[in-house]
Each structure stands twice: as C-alpha cells, then as structure tokens.
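For reference, the structure I am asking about is given below.
Per-chain residue numbering starts at 1, and chain names A, B and C are given in the order in which the chains are listed.
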Amino acid sequence: MNPALHAEDLTLGYDRTVVLDHLDLAIESGTVTTLIGANGCGKSTLLKAFGRLLAPTAGTVRLDGTPLSALSTREIARRLAVLPQRPLTPAATSVRDLVMRGRHPHQSLLRPWTPGDADKVAAAMSATGVADIAHRDVNELSGGQLQRAWIALVLAQETSTILLDEPTTFLDLAHQLDVLRLVRTINAERGSTIVMVLHDLSLAARFSDRLVVLHDGGVLADGGPWDVLTPGVLRVAFGLDADVIPDPRTGTPLVVPLEPSPPAAPAEARADELQTVA
Amino acid sequence: MTVTLAVLLAAGFVFTAGIAAGSANLGLLDVLGTLAGAGTRASEFIVYELRLPRAAAGLAVGLCLGLAGALTQTFSRNPLATPDILGVTSGASAGAVTAIVLGGGGYSVGASLLGFGIPVVATVGGLAAAAAVYGLAWKGGVDSYRIVLIGIGVTASLGGLTSYLVVRAQLTQATAATQWLVGSLSGVSWASVWPMVAALVVVAPIALAQSGPLGISQLGDDVAVGLGVPLQRHRLVVIAAAVLLTAAAVSAAGPVEFVAFVAPQVARRLAGAGRPPLLASALVGAVLVLIADVVARTAFTGEIPVGILTAIIGAPYLIWLLIHRKGGTL
Amino acid sequence: MTTFGVLTVALLVTLAASLFLGSNPVSPATVLQALLDPATDTEAIVWGSRVPRTVLGLLVGTALGMAGTVMQGQTGNPLADPGLFGVSAGASLAVVLGVFVLHVNSLGLTLALSLVGAVIASVVVFGVAALGRDLASPVPLAIAGTAVSALLGAVTSFLVLNDAETLEAYRIWVVGSLSGRSLAEVGPVVLLLAGGLVCALVNARSLNNLALGSEMARGLGESLTRARLVGLGAITFLTAGAVALAGPIGFIGLTAPHVGRALVGGDHYRLLPASALVGAVTLLACDVVGRLIGGQAEVAVGVVLAVLGGVAFVVIVRRAKLAVL
C-alpha cells in the first residue's frame, strides 16, 4: 500500500534560505506522527509542504501515491485537511457557520449544501464537544473552545489525512490533553492519518505512534517514542541535557530536563567538605 | 538611519533647487550665495520675497502631512487610514468652501480679501470636526477601530455639505472652491508659513517621542497596556498631533492630495521597516511636495495645482516600489 | 420577524415612498391610476420620472451594497469601499475625457466610457499587485488601488480645472444623482449588473474561506487567484454599472456592509443579500428626502446620502457592538 504522505528528495526553503535539504520521509496511513525539533528546524515548513501551502524548491510530495502537483487544490482538500498555526478568526460568525466552511471542498455550484453536509457538520461538532455552543460567536469563545471549533471544521472536511500545526498552543494542560485525546479518538474511530507539530515532548510521546525529529535540514531520528527520545538525541536536537524516564501511568517516555551542573564551589568550601568526608 | 539621511539630503537639494527654479533664472550657487547674505538686491528680492516663502511652505506642508500620515497609519494599524479619517481635512474643506462660496471669494483665493480669512476658517473647521470625531468615538475610552469608523461617518457628512455648496455655487466660485480642494501653493506667503512652523516646532518633537509607544501598540492593545503604555493618553497625543499638523498644512495649502497616504508607505518600503518610520515619512512628504511644486511652476505654461502633481508623481513611484520591493503587512 | 423580513418590508416602504412622494405634489390616487394605466400619466411625472428613478435607486443601491461587501471581504479591510481598486476613479476619468475631449452627450457612450475606464483601472491595479508578489495578502491590492485611484483622480482634476465647461458638467455628475434617466437607458446596464451579481454570489463561499486567512483558505481547496479574479469581476461590474447610472456615489459601498454585519453576521451567504437590501433602502430613502427638502430644486441623492448617511452611520457605530473584520 502507498504511504499516506511521502516526501521524496524534498528540498524546502524561503527565498534563498534552505530549511530542509533532500529529505525523504514516508507517513504510513492510519498512524499518528508528530514532528518535533528545536524552533526553526523546519517542522512547520515540512507540514506546509505536506499541505501544499508551500511549493517545494526541489523534490516531490505524494499523497496516497499521487504527486500533489498533479492534483487540483480542491481534490487535495477532499483528501487532506490542514489546520494552520494561526488561522484568522472571522468577524461575527457562529461556531456552526465556522464548522460548515469545512464542507467547502465537497460543494460546487451544481452540488450546493445538502442534508448530508448538515449531518457531517453535526457529527463533527458533537465529536469535538462544541455542539452545545453551536450558536455562540467564535470571537467570544475561550481558547480551548475555539481550538475545538477549528478541529471540528477540519473534521467536517472528512479527509483521510489531517495536518495540525501546534494544535495545543495557548491551551492549559488540561485542554492540551483534551485536544490530543480528541486527536487519538479521531485516529481510532475514523482511521485518519494524522501528522502534527508539537512542542511538548512528553505529550508528543504519549499520544503519537511515531516521532520524527528534524535537525539541521534533515531527519535526526525517526521511530517509536522510546527509540527517538534518548538523551543523545535530545542533546543534539535541542542542546538539552535531560533524563528520559518511563511515565508511571502510561509507560511512555517522560523527558525530565536537568539543571545545568552548579558552578564549582569555592576552593575553601570544597576543602571543608573533603575534611568532613575524611 | 541611512535612508533618513539620504531623504534629508534629497529634501535639502530639492529645497534649494526649488528656490532656483522659476521664470527668472537663478543658479543654485546664486541661491546659496544670496541665502548666505552675498546676493544682489534683485536676487535678494526674488529669493526672500518670492521663492523662499513658497519653498518653505512646500517643505512645511510636506513635513506636516508626511508625519501626520505616518502617525495615523501606525496608530490605526491600517495603511488606508490617512489623517482625513480623523475628520480634520473634511472639516477644513467644508469651512474653506463655505467661506469661498458664501463669502464670494474671487478666482484666486490667495489674492482675494478672504486670503486671510480662509486659512482661519479652515483651521477652525478642521479642529472642530476632529474634536467631534474624537468626542463621538469616546465610549469609556477611544478604540482605534471605532474612531476610524466614526471618522468615515463624519467625513461623509461634511463631504456631502461641501459638494452641495460646490454644486450650488456660481461657476467662478465653484472653480475657486475646486481649486482649493485640490490643494495649491500658489497663494502662500510668509504669513501662511508661520503657523506650520509653529505646529512643527511644538508638535513634531512630541510626536517623535511617541515613536516607542507606537511600536509597542502595534502588538495589540493588551500587550501595550501590559508593557506600561498609558494607552488612552498615548492615543490622544498621537491623534491630536496628527490633527494639528494636518490642520496647519491644510489651512495653508488646501488638502494637498495623497501626501499623507503615500509618504509613509514610500518611507516604509525604502527603510524596509514593518511600520512607517516617522521622521523619514515626514521628509519623504517634504521631498514629494517640493518636487511637485517645482514641476507645477516650471513644466507648464499655466500653473498646475501642486495637489495634482503630488499624486501624478507619488502614485507611480509607490507603484514601482510595490512591484520591485517586498512589503509586509500594514 | 426575521432580519430579512424587516429589511424586505423596509424596502417595500421606501419603494412606495419613492413612487408616491416627490417635489411635484401628485395625489396618491393619481399616481396609482397612472401606474395601472400609463395612458393617464399625462405629465409623465410617474412614468417619466418617478418610476425610472425608483428602479435606478433599487439597482444602484443593491449593486453598491454588494460591491462594498465583496471589496471588504476580499481585502479584509473595513475601510475598503468599492472604489478602492480604482473603479470609480477610472470611470470618472473616462467620463471627463468623454466630455472634455470627445464632447459626448449620449448616455450610451458615457456608459460605455465609464465601463471601459473602470475595467482598465481595475485590471491595472490587479496587475500591479500580482506583479509585486503573490495574491495571498490583500494589502498590496489595497495600496495599489489607492495609488492608481489617486493618479486617475489627479488627471481628472487637471482636466476639470482647465476647462470651465467640463467643470460645470463634472461638478454635478460627480455628486451622484438618480434623476434625468429613462427606463430605456437603464436596460443595457442591467445586464452588466446581473453579471456582477452572479460573480458576487459565486464569490460568497470564497469570501467565507478568505475570512479564515489565506493558509486556511488554501487548505480548504480554495484557488486564491480564481477567488480574487471572480471577486474583482463582481466589484468591477457592479461598481462600473452603478457609476455609469448614477455617478460615483461612494458612501453606501463603504457602510452598507458594516450595517449588514451588525444585522446578520459575517457569513457572506447572508451578508451579501443583507448589504444589498441595506444599500437599496438607504439610497431610495435618501433620494426621497432629497426631493422633499429642496422644493423645486431637488438636492442630489449623493449629497443627502453623505450628510444623512454619515450621521446615521455615526449613530449605528456608537450603538453597535463592533464586529472587527
């Protein structure tokens, strides 16, 4: 079977700066994959290229085996949904109106709004728990509610692949967990392929099948959470000294950053210590 | 910084060239010599009585409008917001056109008896309209979005009044009014320069001091308050500065079109900055008005109002910049 | 009653007012009779004046309300009016050229000229913005539009100030008026307006997507170039038609969308018709007021609209909860 998304010899950049250089990466269908790495490593850039929001400098991205460049933007939108990092919140718009816009790729002049669309919008809203605030203005929602409304829009799009760029930014820990559990549920119930960018490594480990660490224009590590989140990888990717211990509840890796070693104590004090020991 | 310096040099050059250019020919060196006190009686008359007041007026109008435009575009975070949106231009226009039409002003406004009256009426009208906009926009504070919308309403009302007067006037008065509405430097004298100089001396330093808070308020009202910007006071100062500068310029030369919009946009692109740099915007405004005035006086047999040339010169240049340089938002 | 119900009733009331009220006092019974039987309309006040200007007001108000909504949706800028892409300025310049250089007197030619001017101006603006960078950001479009408008306006001022005859014609035309047109002259423009209307409605879904930001819009399968082109078509056709019929009336296009948003929200499927209704009601009401306050010398609708509309808009803005674009 073809991978859901396949980056082949992909080079990405803005103007003359190269962000990712000759990258190869295949995303298996039906999995949850999280891209991690330091700020500026190219996670969001890669996600944009997967979502055809950024044209590659060189190389190809394939969606279910077909190059993105061979598909019309609307065909892509029926198979792949993107939630950018900072979408604009539209003026004077209810939650339901917002979610309804996810049906756009399936509509045309000849096939306007149908009861089937309404059902899908309702299903997306109840799956994300925004059904009871359907008539509220999106500008009045809390951060967590708004993020759920955006995810509902993406769900209403009914695509087999979903790209989420930092879906947990601006949320408190409880709401971060909320959103990520929702992502897992979507993956389990709909079999969707999900690729996201996250900053919290322990949460990424807990909710992903696979982690991909980007560093220095390419893939530094790739695999299951325990294979990827090693002190060595963390030191190279983030310049961070950390212990990795099993999460007491889930058994997934938990990253515990270490304090930098304390400055050397004055010689006298050390002498005292030595004496005591002696 | 280099951009500001370059624009400053350009302004100095155009200013001197502007004094030299005209029907009685003077060389650049003659001008500099006369200004240094070594001129003949004839050249002194031409420079001090004819050319200098006009060049000074062009310089001041450009500085005032450029700076006012940069202030308005920045505080409203909207590149389409010119000082006109604060009601000051439409108020001044309504005042001036009322004076011209009802007062029976002659063809050339500057030469008429009302030459003194019109600037005063225009200033009063402009300041009153701006005060009305600010007052109507006040609702436990002034929101930068609401004041712009209120400004649209007030501007439209006053504009309607002005067009009504133009339609109902005798043709000669309508011509005088239309000419005034385009903006012209042809009637200026030292008397029209001094109010602008006063406005610049008093207001410009205060406005330039708001540069820091303006940069912070770009990040949104909440961030600005968080960083300790006294938002309402800051906004009042910025608006008042823009209004006073515009009122001074408009009362002297009419609403010279387009300068307040184009100067900040050009300055921003030249400097590669995220928002219009205040000083450079003022200087770009001055360069534009001075160039337009030189062309207006020399290139055609009959004189063309400077307000037409500011648009004819400024617009293509901005378009060229748009095509060749990247511009961010705002 | 729903918002649309109220707006429809308001429209019917203003339509009736526009037919039954005027500077020439004609009794309602006479008007009714003339409407039913054109042969009794001896002084041609009803069919010669009231009916055409009522139709005109309906068309122009609708067109400007919609054009303004498309314009603000395309640019994401609440200060954008339908003239922003140079359409009004281009039409004005073409008309002035016609009067000044070609001494055109026929309405048909004026119409054709204003359309040509409008189309050329908006194509230039679109071209400048497209040459500069991609069309994802609306800001270059707005700035290019302002620059081109100013340039065209300056040329217009130059022509006008150099010739008293042109100024005479121009100062009356530029204010905007619904009087002095016959139904026969309105005919061809209706086609143009219909084209614009279709473009605007087709553009509704794209406008909804654009409101989510250009990345989200593209993620939803929106082709930005196509969305912009269709929008540009809507703006150009609607504005050019309106300018050709009634002169450059600016205020409705700027403010009707704000009123519409306050009434029905930001969904363009509802906002476009609502703004159209608001535009038509406002323009017709102002035209009636202009007939009544001026006595025999009517006040042009553009003047009434600006003065009264400006005041009304200030009141609305002070009361409404602001829907920031």
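Simple rule for what comes next: a contact is a pair of C-beta atoms (placed from the backbone, for glycine too) under 8 Å apart; a residue touches a chain by one contact, two chains touch by 3 or more.
All values reported here derive from a predicted model rather than from experimental measurement.
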item: Identity of the most central chain, Cα criterion; value: C
item: B-C against A-C, pair bridged by the larger set of C-beta contacts; value: B-C
item: Rounded Å distance, chain A centre to chain B centre (Cα mean); value: 50
item: Chain centre separation in whole Å, for chain C relative to chain B (CA means); value: 30
item: Interchain centroid distance [CA atoms averaged], chain A/chain C, Å; value: 46
item: For chain C, residues contacting two or more additional chains; value: 324
item: Sites on chain C touched by chain A in the complex; value: 76, 202, 205, 208-209, 211-213, 215-216, 218-223, 261-262, 265-267, 323-325
item: Residue numbers on chain C that touch chain B, as the complex places them; value: 77-80, 84, 128-129, 131-133, 137, 139-140, 142-144, 146-148, 150-151, 153-155, 157-158, 160-162, 164, 167-168, 171-172, 174-175, 250-251, 254-255, 258, 299-300, 302-314, 317-318, 322, 324
item: Complex interface listing, chain A residues touching chain C; value: 48, 51-53, 72-78, 81-84, 86-88, 90-94, 97-98, 101-102, 104-105, 107, 109, 137, 139, 157
item: Residues of chain B touching chain C in the complex; value: 78-81, 85, 136, 139, 143, 145-146, 148-150, 152-161, 163-164, 166-167, 171, 174-175, 178-179, 182, 257-258, 261-262, 265, 302, 304-305, 307-312, 314-316, 318-319, 322-324, 326-327, 329-330
